[in-house]
Amino acid sequence: MAERAELVAEQLTAGYGSVNALDQVSVSVASGSITAVLGANGAGKTTLLRTISGMLRPRSGRVTLDGAALRRRPEDVARAGIAHVPEGQGVITELTVEENLRLGLLLRPPGQRAAALADAYQRFKALADRRRQLAAALSGGERQMLAIARALLTGPRVLLLDEPSLGLAPKIVAQVMALVRELRDEGMAVLLVEQNARGALSIADHGVVLNVGRVVADADAAALAADVSLRRHYLGF
Amino acid sequence: MQEFVEFTLLGVSSGLVYAAIALSLVLIWRGTRVLNFAQGAMAMLTTYVALEVINGTGSYWLGFVVALAAGLVLGAVLERGVVRPVMAKPPMNAVIVTIGLLILIEGIAGIIFGAQYRSFPAAYSVSGIKVGSFSLGISPDDVFVAAAVLAAAAVLWLIFQYTALGLRMRATAFNPGVARLLGVRVGRVLTVGWALAGLFGALAGVLVSPTTFVYPNSMDAIFVLGFTAAVIGGLDSPLGAVIGGLILGIALSYVGGYLSSDLVNLFGLAVLVLVLMLRPSGLLSRAAARRV
Amino acid sequence: MTLLRHLIAAVVVAAIVAALSYRVGAYRDYQIAEVSAYVTAVAGLTVLIGLSGQISIGNGAFMAIGGYATALLLLHQHWPLAAVIAASTAAAAAAGGLVGVAAARLRGPYLAGATLLLAVAIPVSIADHWAGLFGGDQGLTVSVSTPAALAAEPTRYYAWLTTGVALISLVLLANLGRSRVGRSWRALRDDEVAAALSGLNVARLQVLAFVVSAASGGAGGALLAVVTGIASPGAYTLTLSVGLLVAAVVGGLGSLAGAVWGSLLYVFVPTYLSNVAASHGLNSGASSNIPIAVYGLVLVVVMLAFPSGIQGALRRLFGSVAPSAAVPLSSLRSLRRRRPASPHQPASPHQEESTL
């Protein structure tokens, strides 16, 4: 298993054009835990992940991994061991399932690749059955699994998941959440962005609630789930 | 019947030259969404380099190889030095930059090498092949031209399908943002794309120059035809580039053979105008014609 | 009152040029006339590219139409010069409408490619077909009778004539730029989808932009034919179209003042360069390629380093003191870099915010 990792985002401010989508947001996650990032549409959750993974340059603040500042470009962040599964999964539909997975493998040393791929097919049997099909032929749930499997193949210590349950049927959502819990139990640090706050809080250890780019709550998942007025105001249940 | 065979075979050979240019354009377009207007001029420059080597050393094949290598280098250098900085700006700027490169390269060639037409040797004999008394219309050199482009295209296909580099290139072409998130060094991939494009352009240059002679504007017409072939096949599709080249080459060959050689240029222009107006995204492309 | 301000500026410039033309010799008058002819054409092109966001590397073809129309009308009819120029402008405008309609669905490089074809096809067609009418490779001569008052100084007459037409065009274009049409063009340029969604008729605006730029090109071509005395295929090559583009880019896309800077450079720099080259012993073949190489280099360097051209640099140096008659600069997004630490907008979905 990988060594302990800690990802800390401090006072991030970022945005598009003249608007700041994030305003001094701080968030952290360590190995073997899930931090959920919650809030309504437009709260800045996706912007937060994009800023951490380097897709968007912050206007102020910094991101560190194990105390060391992260380099800015997404490819460098990925190589540092942080895998970002973007909103909409980011599955490359023109490639086959196996080609998508092999893309993830490129960050592994050549000697480990065959074994890692075999493990992935073990864990994600549905993908094994469809390995030669174009990713475009997969259903929403299968694409989500493919995106996560592909991200895992890069050998990350931190996983950034952007709305993995979006557009999926409840049964599939449950499978995805179960998978994320498994990964946490295996030692992964997971930053989980979700609109489905109830589902996210049911597996998370810690939670951060954003509203219009600012942090309005930062507490244990259990405490957040128990706070009825907070839930009603910001989380929709 | 003989005429038909002759025109068809000639069309295949010349069409594959257009396909080579079309492939360079597609390679660059897929990765960077830039149409390299300077592709023909780059090919002209590498052909001059080959000519200097051939005249200096007496070896055709050395010149051939040097041209291809020069194409690789020129493509990589231009991408890194000129195109990379302009990619961060609006797409209109990239269009203007490649047009600027086009005339800059042609101007430089004129200054260094002068405007006179120079002859370029063919690799093999240019006299027509006869099977018994049936003339095939093409020469051994035409066969070499077709074989060279097909071989290069086949190698490119193998690279795309079976190598890590090819996978990176395809991923970058389809979705560069996601490719980055998976650790692909997209910048390097784009440089390789331009280098390969430069190689294909250089190949087209040395293959076609025995017919066109070498002078600063010698690749202008071939560029327009290569662009037409790429548009026919769809700027996103390497296979489309080859098919588009073949279709165009054969069609032009029939027009020139059965109608009149004066009409060939006009016909080529007409085809381009038609395709641009009716289906600019090409026959094989999935994406719509991108906009500035 | 924008119109009044523009008219006053135009009158002032006209007076300056008139005074200047008395002091300088015939050759300089000729060059002033050339510059004004090009200003007319470049102004339309800079509006097309800078305001409506459509590229054309074929506006030399519209100059050709204007030039040949002028030559033909002067040869076969006895219309007053003003009517001839107006008719030539109209002919080019009509052609611009056709091109605009044909190209309405094209964007970016496809549009550039199509206009490139135009630039190449027109001179070739003129040279090869209907030689009886168009004079083939030799072209047609254009002779204009100078009014009695200036009979001794034809070049001064040309300078006044062309500058007058140029100023009229600039005033019209400036007003157009400030009008609702101009604002619609800018909206279209900045975000075509948003513009369409807010009810703008995108196709009609695009065609209109082509018509306007073609009209300017035609007027410029007519003037050039009068000044040089000839309309021939060799005068309207691809180099001309590219040269117009260079002038527009260097001056500053979308800026009418920029059209003036660009035209000045276009007329004066090549001769200067050729002289320098000749004095260094380069043979004429090589030295005639120097302007071409320089155009290319300028296009590349300007796009990389100074995308807003001369007028943009002036604006940055002098702030709002720069000429207000100029149409506001195109908001090429690189200008927004002036705001501290703000990431670029991706210009297309294909680019990401962090640079390569």
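Lettered A, B and C in written order, each chain numbered from 1.
The rule we apply is simple: a contact is a pair of C-beta atoms (placed from the backbone, for glycine too) under 8 Å apart; a residue touches a chain by one contact, two chains touch by 3 or more.
Nothing here was measured: the structure is a model prediction, and the numbers come from that model.
A.B. asks: Could you find the chain whose CA centre sits the greatest distance from that of chain C?
C.D. replies: Following the centroid criterion, the farthest chain would be A.
A.B. asks: My parser should flag the chain pair with the most contacts; which pair should that be?
C.D. replies: Per chain pair, the contact count peaks at B-C.
A.B. asks: By CA centroids, point me to the most central chain in this structure.
C.D. replies: B
A.B. asks: How many angstrom between the C-alpha centroids of chain C and chain A?
C.D. replies: 53
A.B. asks: Measuring centre to centre with CA averages, how many angstrom lie between chain A and chain B?
C.D. replies: Computed from C-alpha means, the inter-chain centre distance equals 43 Å.
A.B. asks: Can you check how far apart chain B and chain C are, centre to centre, with Cα atoms defining each centre and the answer in Å?
C.D. replies: Using C-alpha averages as centres, the distance is 32 Å.
A.B. asks: By residue number and range, which residues of chain C touch two or more other chains?
C.D. replies: Expected reply: 352.
A.B. asks: Residues of chain B that contact two or more other chains, please.
C.D. replies: 177, 180, 186 - these are the residues of chain B that touch more than one other chain.
A.B. asks: For chain A, jot down the residues that touch at least 2 other chains.
C.D. replies: Correct list: 54-55, 73-74.
A.B. asks: Which residues, counting only chain B, touch chain A once they are in their complex?
C.D. replies: Answer in residue numbers: 164, 167-168, 170-171, 174-175, 177-186.
A.B. asks: Help me check something: in the complex, which residues belonging to chain B touch chain C?
C.D. replies: Within the complex, chain B contacts chain C at residues 33-35, 37, 82, 84-93, 95-97, 99-111, 114-116, 176-177, 180, 186-187, 190, 216, 224, 227, 231, 265, 269, 272-273, 276-277, 280, 289-292.
A.B. asks: Write out the stretch or stretches of chain A touching chain B in their complex.
C.D. replies: For this pair, the touching residues of chain A are 53-55, 73-75, 78-79, 83-84, 86, 90, 92-95, 99, 102-104, 106-107, 150-151, 154.
A.B. asks: With touch defined as at the start, can you tell me which chain C residues reach chain B in the complex?
C.D. replies: 49, 53-55, 57, 102-103, 105-114, 116-117, 120-121, 124, 192, 239, 242, 245, 249, 282, 285-286, 288-300, 303-304, 307, 332-334, 344, 347-348, 350-352, 355-356
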